[in-house]
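You will see two complexes here that share chain A, one where it goes with chain B and one where it goes with chain C.
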Partner chain A sequence: MAARRLVALAGAAALLLTACAGSDNEGNETRPDARSSGAPAKGGTLSVALDSDPGALNPAITTSGGTHTASELVFSGLVELTPKLEQVPELAESWEVLENGALYRFNLRNGVTWHDGKPFTSADVKHTFDTMLLKLHSRTAASVGAALSSITTPDPDTVEFRFKQPYAPLLQQLDVTEAPILPKHLYEGTDVAKNPANNKPVGTGPFKLVSYTPGSELRFTANREYFKKDLPYLDEVVMRVIPDKGNQVVALEAGEVDWLFGTPGPDLPRLKSSGKYDFITTPLNPGGSNCIMTVSFNLDRPLFQDVRLRRALGTALDRDQFVDRVLFGQGRVAEAPISSGIPFAHASGLKGMPEFDRAEAERLLDEAGWKRQGGGTRTSAGVAGVPDGTPLAFGFTHFPTFSAYAQLLRAQLTSVGADVMLQPLEPPVFADTVFKARNFDTNIISYCNGVDPEIGVKRMYVTSNIGPVPFSNSSAYRNPEVDKLFEDARTTVDPKARTQIYRTLQEKLVQDLPYLWIVETEANRVFPNTCKGFTPSGHFAEAASCTT
Partner chain B sequence: MSATAELAGAQPAATPVGRRPRLLVRSLRTPGGAVGAGLSLLLVAAGLLAPLLAPTDPFAVDGPPLTAPSGAYPFGTDALGRDLLSGVIYGARTSLIVAASVAAMVIVIGTTVGLWAGYFGGWVDDALMRITELFQVLPRFFMALVVIAFFGPGLDRLVLLLGVTSWPLLARVIRVEVLALRHREFVEAARVHGASRTRILLREILPNALPPGIALLGLVVAQVILIEASLGFLGLGDPNVTSWGTLASEAQRFLRVAWWLSLFPGLAILLAVLGLNLLGDAVTDALTGRR
Partner chain C sequence: MTRRYVVRRLLQLGPTAAAILLVGFLLIHLAPGDPVLALAGENGDAEYYAFVREKFGLDEPLPTQLATYAGNVLRGDLGTSYVLGRPVSDVIAERLPATLLLTGTALVFSTVAGVAIGVFSATRRRRWPDVTVTLATLAMYSAPVFLLGQLAILLLALRAGWFPVQGMTDARSSATGLSHVLDVGHHLVLPALALAAQEVAAVSRLSRVGLLDELRRDHIRTARAKGVPERTVVLSHALRRALLPVVTVLGGRTGQLVAGAVVVEVVFGWPGIGRLLVTAMQARDAPVVLGVFLLVAVTVVVANLLTDLLYAWLDPRVRYR
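Showing the complex of A and B:
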């Protein structure tokens, strides 16, 4: 705050100067306004609210949202992804894709130094991948790690990634979130998990850590040696741990923080109408990006083996109500199995996604052999594998945080004669119950698709991925054709051909309905409209600036 | 009571049980007693008649979301569009089920232990009292948290846990009463007449020891209702029944946009607990003859 007051003083001084300069100041613009003039204001402190204490600050050995949010300002990736997922150079100045996608060669930027002054080289890249990312970063390890054959460093400025087969999605997986690069000279020959640098990170990013008080705050100062010209504009970033989202909003409105990673739905309309804040709507969540709230059916249980029942239940769900009443407009109805946030793979205008129609749902249920007895729960009559007279009753397992989804789903399905029992389970218990014990009927999971279907979509459908790993193929869907199509998509580098494969794939999925895709969720970053230049994640404050 | 009244009449020197019902009625005429009885009655009525009183099913998404209290929705609606009045009425039913089941368990366990310990004395008393102390020092709320964390939320396990852990106070009160009663003349008289031990315990001692226990039960039940609501407030209530605590918990997110969501479930909890406490106090006062 002191720094910000200084900025205010500097602003006042500037105002005095222009006043003295006098007549060339046209119109009624009395002070330099960064929003209209375009030139970003320099200096100042940005206060950021964090949901939880990050615990550790090494983003290469975890996918924990808390750690990544708090540490990504310090580090860099080889490639930066713009909010539209275009790849732009970061630590890598340029790259070549060779041998039809089986070999990637990166030319590293010259003259980059770590925050402690040591030079950055290709050895750092190889070391980070070999000892951390490919072993301990679950997403990168599972996708890149499984396909990679070796990493070589012909010279200090060059890194080559060689794959067993052509590997299409690599360039989407080299940003600071999926593959932050850490200094070899601090980690070499140590136990990675216990290295003190995990709490005193040294990176190549736009901000350097000054202090970390666990459970309270993290202070960062601008890296004046940063390789991106003129950046960052801010002098300081302070992250404060404020666990309750309601309190975060209070802190924002009191001017104590300037940036929230998410806006609680009930508060959104009020903040929007106040005219004091700007928003960035983004599909990027701390746990992953492009998440779809997805209902799984336990296909190992006879009750759910008839696709007509699954289609009937899907048709009974009014998904617009989920967008309005659960998400408060922060998201949209899912149009296809793959998120619209992955434009090249998302099949728009897909036929056969269940659309809400209560009368049609009732008809489908009758047709599938589930007859209404009076006004209550339907019972079976001639359903394969289910004794006659069995009530249409099943459990619905969910994280406690998803209880609003569960309650709306129950209300909507009750109205067509299905009896849904809610079973909230804490995340670790949920993972065991659903993926190890497979003791559930239906559930809801936020499946984050990531930036490429290879990262977050394939895991939900391929036969080889049925348990026990958490958040794998929850429905236990088995379709050799689908397995084959995912395999084809991974090794097809031509973007058009890949798009076509994913379209065929989604047509099959919509026919089989192993899942119900409910809504794509979004978050709203919020900040005072005196600030600008943010991106939704990663180095979110790298180009940010604020006027007072 | 009629049996004891008869007995009291036959033996003038015995305990003044016969006067107690009249004292009870008198105690309910005090403002506190009347309010307590009224509120408790309201709780019981709302719980028993919930399906008749509630306008809709408490889980049905029938209305527009977040409407303030109005003619159509006297308590307003929540974010999903559910009628809050129905939720509060069905919440009374949940509170009543938990309270009544726990009370039944407490009465059975508490009186049995209290009677035995007080009547037999000696090592039986010692053993039972050590067990009672063991249960008395168990942190009920945290045990409830642990049980729910392990087995998931559910009314059955909550009732079981609270029933098994809430009886010590009652057992101790009954024991003290029995200790005071067991050498009274009418008990000795029954013994001299050759009455069996069971008969003495159940027909002579129990009816006289029970009333202070019943008064205490009001307070125990109020605590049980509070614990059920607290668990719901922490998000650990059974999602398949409506609970005041759960309603209040869900309301937190909407504190600044929908005051009614917090107000009505909160009021319901307040009034139910207040009512039971007042009733319990009034009965206790009447029995100890302070009024």
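Showing the complex of A and C:
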């Protein structure tokens, strides 16, 4: 039996580091002295702004960002992911990857209790997976669920996941966002969707829910029995529902809230120059991490079947302008199909990613048979499947909230002779039009890659995922070689080999250009500089402290 | 007579509610857009989405869904929210007090303040206080609610610091009893003012015109000739009948206040029905949307009935059959 033992020591050290330092605030723009000076203050209340009412507080049966943001302080996963996506122990103290990745054995932490005092055991893990995560958590159900053979619990401190084939991404999918663990004793034998515990959650996390007033606020108190020593520092966290982002900033400036999960771009310079706040810049969000704004081509339509046209359009886009004018600097130009937020899978320096060059774009369009008639819209001359004289005109479908992207894209493509008609559609209508009716030419989607390509990347490219499923393979890209590479990546446990597979895969994608990857988006968490110790998501406030 | 009239009007509630629900149901379900997206998130596979559709009965033909819904409503069950997973009646009931407090305060304030301004204006007709008030009320009437709300936040909350910018209570306080009431009252001032502003303007214009009209009548001239003090002439003799046009629009104003509350609740983070409606519509959460439609329709119908009854009380010549 080929076994690679992942010794808990390294993980425990990392955990200690995370817990004691509060956070490494990866990629943040905080002033170092705001976090590093002195021991953390104990006590106090942190007031947090939420965009939307969570509705329910069971993160195992939904991927809704609202529910996860509000409830992840209450629960824990088997494994915690650092902002760099390294795995450190949480409810699992250590783990072994056996049988070349077809069997994972987790040794659970001893002495952990639920907020109601009952002991946490392996039965809770199995019950949560069997009745909630593998049925109702869309990401975990679609990825782990499809690959899993069984979950067994040899004893109360051990849980084993057996897969039909080796399954590489599991450890990335066991954090509180992808696989929160819920108490069996409250859910067993009940209708999960209607269980009252969904609104009065009992977890093992750093904070316990005190009250939930729908539409208004959630109050949490510190879990003094938390298994991470000395944490949390705060006495209380209060989350206020403030739907308007502009008003969240106003509430921050008025001192009514201390933490925003995102900052509107136009407000960012003012808040930064005030000297009163610190920031954490992050691609991680409970609803979707590592998102890339991506343009899809409807490859079923003859117009877009020539890669030269797709490449020309990509070359005509000045993506730096998207970062500056649309994101106000909160993001970066995408340099590969897989987000740089997944370092092990992201391929940098890929040859063939379209770079802005208007003259080259014009040349490619000419070469593809799209000729200029004076200064206006180009028309076809000898383009396969397209009658001669057809203007280079196509629709661009987008959420109304993405209209700034749409307008900039139209302006840039008009300058090379393409006529782009904007078609804003509300999200549910967009999903119907694009994925069910497939009635579109091009569109823009925020494809969130998640913390592993198996979660949010594969769905965009594999042939089996073309169809009525929302946010699947929008371009209808078909390449058996790419399908095979995704399958190989899923079953290859060796990290180096997996990284190489993803590199090869991205080289193929850049060659075929079924999509244009425009920008990677980021959010700025903001908080007064009298507070410190935050992480960007998950248990974001477990090591936070504030001085008055 | 009046009792028969009231009973007849109340009986009309049934068909009205049924029509509202039918039109609402068809509008929501025939509009493009699939609620499964809000229910299931983005990253599921085909099997998962099919499972969710079946679970909520969304795979049934539309007439079947309508029949099931109608049957449930007749039994007093407004259904279960797709997104929140709880009974619609519970979801609405927990948000209702906040909206009642907000719209009720705005309704009372706009009526009292509007009439007071109308009286002030009418008794100083075409003099500079009347002209100033007229200009100010016209400006108030023209300003959209969201603009007034944002201005109130910027000037009175953020700059002057007199009021909180959002919510119904102070996040850091766990006050109870009287201090809780005062805390809520403090948070209520700006949203209620923003919501009432347009109504204050409308009522003041109506009561000014009504009062000017009334003050020209013979019985007022007689009262003045008899030496009745001007204050009594205006407030006792003229105002009661001058209020008739104000009362006439009361029912319609209730509907407008509920519509305005949708905006004000979003701007001020007020946890009421308006915000619930906005989020439910965005998520195509049909049971919640229909529940709110029903509530608003019944409220407007009842408000119109009360208006009619109030009308008869103010003007004894009015009789209902």
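Everything that follows uses one rule, which is that the second predicted complex is superposed on the first by the 510 of 548 C-alpha atoms of A that agree within 3 Å, B and C clash if a C-alpha of one lies under 4 Å from a C-alpha of the other, contacts with A are read in each partner's own complex, and residues count from 1 in each chain.
The working rule: a contact is a pair of C-beta atoms (placed from the backbone, for glycine too) under 8 Å apart; a residue touches a chain by one contact, two chains touch by 3 or more.
Predicted, not measured: the structure shown is a model, and the values here were computed from it.
Among chain B and chain C, the chain that touches a larger number of residues in chain A is C. Of the two partner chains placed by superposition, A:P154 touches none, neither chain B nor chain C. Within the superposed three-chain model, A:P400 lies in touch with chain B and out of touch with chain C [touch as defined at top]. With both structures placed on the common chain, the touch criterion links A:E426 to chain B and to chain C.
Of the two partner chains, chain C is the only one touched by A:A251; chain B is not. Of the two partner chains placed by superposition, only chain B is touched by A:D324; chain C is not.
Look at A:L408: by the touch rule set out above, it reaches chain B but stays clear of chain C.
When the shared chain is aligned, chain C comes close enough to touch A:R240, but chain B does not.
Touched by chain B in one complex and by chain C in the other are residues 246, 426, 429 of chain A. Within the complex formed with chain A, the residues of chain B that make contact are 57, 59-61, 65, 79-82, 149, 152-153, 235, 239-240, 250, 252-258. Within the complex formed with chain C, the chain A residues making contact are 45, 47, 52-53, 55-56, 62-64, 135, 138-139, 141-142, 146, 193-194, 198-199, 213-217, 219, 238, 240-244, 246-247, 250-251, 253-254, 256-257, 288, 426-429, 431-433, 436, 448, 450, 455-456, 459, 465, 467-471. Those residues of chain C that touch chain A in the complex are listed here as 31-38, 40-49, 51, 55, 80-81, 83-86, 91, 94-95, 98, 150, 153-154, 157-158, 161, 164-172, 174, 266-269, 271-272, 275-276, 278-279, 282-284.
The part of chain A that touches chain B in the complex is made up of residues 245-246, 264-267, 270, 321, 324-326, 328, 400, 403-404, 406-408, 410-412, 414-415, 421-426, 429.
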